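See the structures that follow.
The same subunit A turns up in both complexes below, where it pairs with subunit B and then with subunit C.
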Partner chain A sequence: MSTAVKNQLRVCLLSVQYNIMREMVNKVTFLTSVGFMVLNNAAILAQWFILLRLREDVGGYTMREIMLLWGLTAASFGLAHILFARAFSLPELIIGGKLDAYLVQPKNVLVSVITSSTSVSAIGDFLYGILLMGLCGLGLREWLLALLFTVTGTVIFTAFALLLGSVSFWFLRMDMLEGQVVMGMVSFATYPDGIFEGVSRYLLYFVVPVGMAVYDPVHVLVSFDAAMLLRVLGYAVLLTAVSAAAFYRGLRRYASGSLMGARV
Partner chain B sequence: MQAIRVENLSKTFRVRKKEKGMAGSFKAVLHPQTEEIRAVDGVSFAVEEGEMLAFIGPNGAGKSTTIKMLTGILYPDGGRIEVLGVDPTKKRRQLAYLIGTVFGQKEQLWTHLTPYDNFRFSGAVYDLSERETEERIEELSERFELGGFINTPVRNLSLGQRIRCEIVASLIHKPKVLFLDEPTIGLDPVVKENIRLLIMQMNREEHTTIFLTSHDVGDIEKLCRRIIIVNAGQIVLDDSVEHLKRRYPDKRAEKMQTFESPAGHVEPSAIPLEEIIMEIYKSEGRDVSP
Partner chain C sequence: MRKYAVVYRSVLMENIQYAANIAMGFFNYFVFIFIFIKLWEYMYRTPGELIAGYTKEQMIWYVMMTEMILFGSNAGSVAGEAAGDIRSGNIAYLINKPYHYTLYLLTKYTGEWSIRLPMYAALAAVIGRVMVGPVPGFRLTAVWAMALCVILGLTINAVFKLCISLISFWIEDATPFQWLYDKLILVVGVIFPVEIFPKTLQPLFKLTPIYTVCYGPAKLIVDFSREKCLEILAAQLLYLAAGGGLMFLIYRKGAKKLYVNGG
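The block that comes next holds the complex of A and B.
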């Protein structure tokens, strides 16, 4: 590993560590945020338990597949918001001219920006996701695949948010659209893909990348398919490259700002 | 040797125009209109190594935009920049190792952390080893007298203490050029004087080039020998502070006494520098009266 990459990793780890330290300043808020997120997720999953007692499957998914779907979504979404939370609020930084502090550092701007914030409740999402997958009785190979797909899911969620957020370099008020599309993506990711057909299915694979982030990984976990695994990996790399290119292209249009502000 | 060289630098912002009221908002949605504002317009200058330069002008003159282009934050639309021989538009990261920045209006420190933790983070950002960082923190902490509050979270510090910490964070990697954008804004006179002395000391001991923007004439008079005044994106004056005072003799005093000394030299005006600067701002069509 080159010295530059090592140094960048050292800064990223310190950044994430300091973010978590900030969130832990108030221990009660920290623990209740994490705990309530686990409870929230569990409450919604209870509805699936009831539904799947009434019928054998929904869209080809039994309770085990539903748990894998939820586990993978929660773990990926959680990890993305623990490590790269700022990618999900990028328009606020761009429109508010708050990228200056990152641009004067001798580090990769994109990595420094997206690792500069952490969501506390996401720790609850991540723990819940891992717990759910643990309850699915996965073998060693399946666990390794599940962890790999948690990483690819994290990358796809983050890269997609980054791509939408980068549009703010060209158009104002993209924050509203970004928030809605990303939350919509997460909502779709908690339903079996078998219930979507035609255009909606096409959209979920090629426009809003839920298919690559969650559906295909669940299919691979249930029944191993090397081509599908490679497709997911390739898509994660491609989307990351496109999003990073959009960010750097947009950065040339960055207008900074003169509003008073603090790095909190 | 020149630390900064700028040739024909320009930057234009496109700003949306909207008529007043709700009707104006609807109209702006259907027929969006934009206006081009030339924030920096063909600016050229050079700064020598170790020099302390005041780069001033009224609000909206283009000072901050220029400083942001010099530090690699903004991309210029035209012209050429070299800071310590590095083009910020092409080698931003390489340049960042060589320069320090303090923006008085924007905190760069993490407010929930102590200054000590912030400095350690800065050390990591500039690839200093743990030992190098500790040594530099100790040295700067002593010089800037941070001992009493180095372990207090930044959000609990007074503004003066915070600015001192901001400056220390920007110096952790021993930059060769320090860009200070209104570093004394909002500070009381005693703290301002303290900060100025520290900047002077740093310039003297480490030969750091200082590029200062400030609305405080005290900063300019105490720190800088040379002054560049910008207005409407263009340089309207580039001169030494001393010569500036000679060029703008006190008209009130002129009526009562001559400025010729026995040796034939023109004595500097008794008029405060602040009034001279106000006159220059006004003469460029800007009304800066209160």
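The block that comes next holds the complex of A and C.
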């Protein structure tokens, strides 16, 4: 069992490694994409300097919490798109009948699918997130927590995209909705939860899981709360199980396309 | 001009067929507006408070109008098409057609926003009326001037985005430059009106495309004045002339160094 898991992990890492190597063929384009994504993200900090000039805090967040919020969101979103980018474009494979190539591989279908592509600009997102958290003056324990939450955030972002993408097994035209909801989730994740109240706050924790991916982790980093930490971990595991079950359930309905093509 | 009219008509007909697809984008627009309504409700703590000379209603309507211009025009598609054509080599087939490539793209873009923009304008009006209330002091008689400024603004935006895409003639991928341009427009013109920035920076921002692309048109909608309208229209015409000239120049220089792969 452990050998099978090790082999699967090795295949995943090799897949991501080859994806990145393929993108690095043109080094100038690669470096420009990564570097400009860092600059692109950094530009939005100007918004917070302006807002925090008007008020001492926004939704209870000072500049340090805003930087933690942005750092965690960028690092989690970035890592999800480095390791599991295909989870975010799953409907394209399902609707186009392009899953066949993965079904005949002697490895786990779901893992093979979601690790089959990498977004180069996401490396810039990830680096920016880590850099921003580095500027927050975190101690060793906080750093370990921040890295753990980057992983849980990555898992939650990916699992949520996978869950939405898997709906395409039942309904066509879900591709646009998946993209919109995931981007909506990222938009919410970059604003403090303190500005949302009532139903919208409830939705952000239990329907679109921004609260579990980013808000609760920021609260734990600011003021440690073991119950909140366990809730985030439990939610990440639960969402992963539900989305994997939805994928395999949907896969039973998958009808291959007649598209002829080669995977290189 | 007739060939461009034919292109415009065919794109218009195509987009009418896909109106439901365009409506799928309403979700993201609503998310953005919802976030900004909540953000400004938090920032304005007392009724009647002014921030940078704007009331809460004016500030939210300002963001709704700038976002409406960006979502309703989708200039990213025209820029993406130009960059894609150059990168893929497809430009070699398009360059010798009996039209100017950049004008062809701008005509297609106009056909697209002719359907998108009214849809987003209607959505913005509904969201605004329901969640914020009417625009304070809105002058219905000045709608034609506001519409003209919006149309000029989104055309200038497309021209500048095309200029950036045409850099693909020299470098493989101009997308990162598009990110920076978009972020500049977003932070300085879309999210905030120019007045919110430090006084020393405001004259500088008024010299950038931001003033003509989103600040100007949105400012007229939330706080119309005849003098401001004339000032913005004059700036837009200047920018359109300069941007258009730059676009033709880059295209001519880029097309000269086009290298066509065989096969």
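Criterion: the second predicted complex is superposed on the first by the 261 of 264 C-alpha atoms of A that agree within 3 Å, B and C clash if a C-alpha of one lies under 4 Å from a C-alpha of the other, contacts with A are read in each partner's own complex, and residues count from 1 in each chain.
The criterion applied here is as follows: a residue touches a chain if its C-beta (ideal position, glycine included) is under 8 Å from a C-beta of that chain, and two chains touch if they have at least 3 such contacts.
Treat the numbers as computed from the prediction; the structure is a model and nothing was measured.
When the shared chain is aligned, no partner comes close enough to touch A:131: not subunit B, not subunit C. Once the two complexes are laid over each other on the shared chain, residue contacts for A:255 go to subunit B alone; subunit C is not touched. When the two complexes are overlaid on their common chain A, residue A:101 makes contact with subunit B while staying clear of subunit C. When the two structures are aligned on the shared chain, A:25 is found in touch with subunit B, with no touch to subunit C. In the superposition on chain A, A:200 makes contact with subunit C only, not with subunit B. In the superposition on the C-alpha atoms of chain A, no part of subunit A is touched by subunit B in one complex and by subunit C in the other.
Listed in rising order, the residues of subunit C touching subunit A in the complex are 21, 24-25, 27-28, 31-32, 34-35, 38-39, 41-43, 51, 171-173, 175-177, 179-180, 183-184, 186-188, 191-192, 196-197. Residue ranges of subunit A in contact with subunit C, taken from their complex: 26, 28-29, 32-33, 35-37, 39-40, 43-44, 46-47, 50-51, 54-55, 58-59, 121, 176-177, 180-181, 183-184, 187-188, 191, 194-197, 200.
Residues 13, 16, 64-65, 68, 71-75, 92-94, 96-97, 99, 101, 103, 105-113, 117, 120-121, 124-127 of subunit B are the ones touching subunit A in the complex. The residues of subunit A lying in touch with subunit B in their complex are 3, 7, 10-11, 14-15, 18, 21-22, 25, 99-101, 103-108, 172, 252, 254-256, 258, 260-264.
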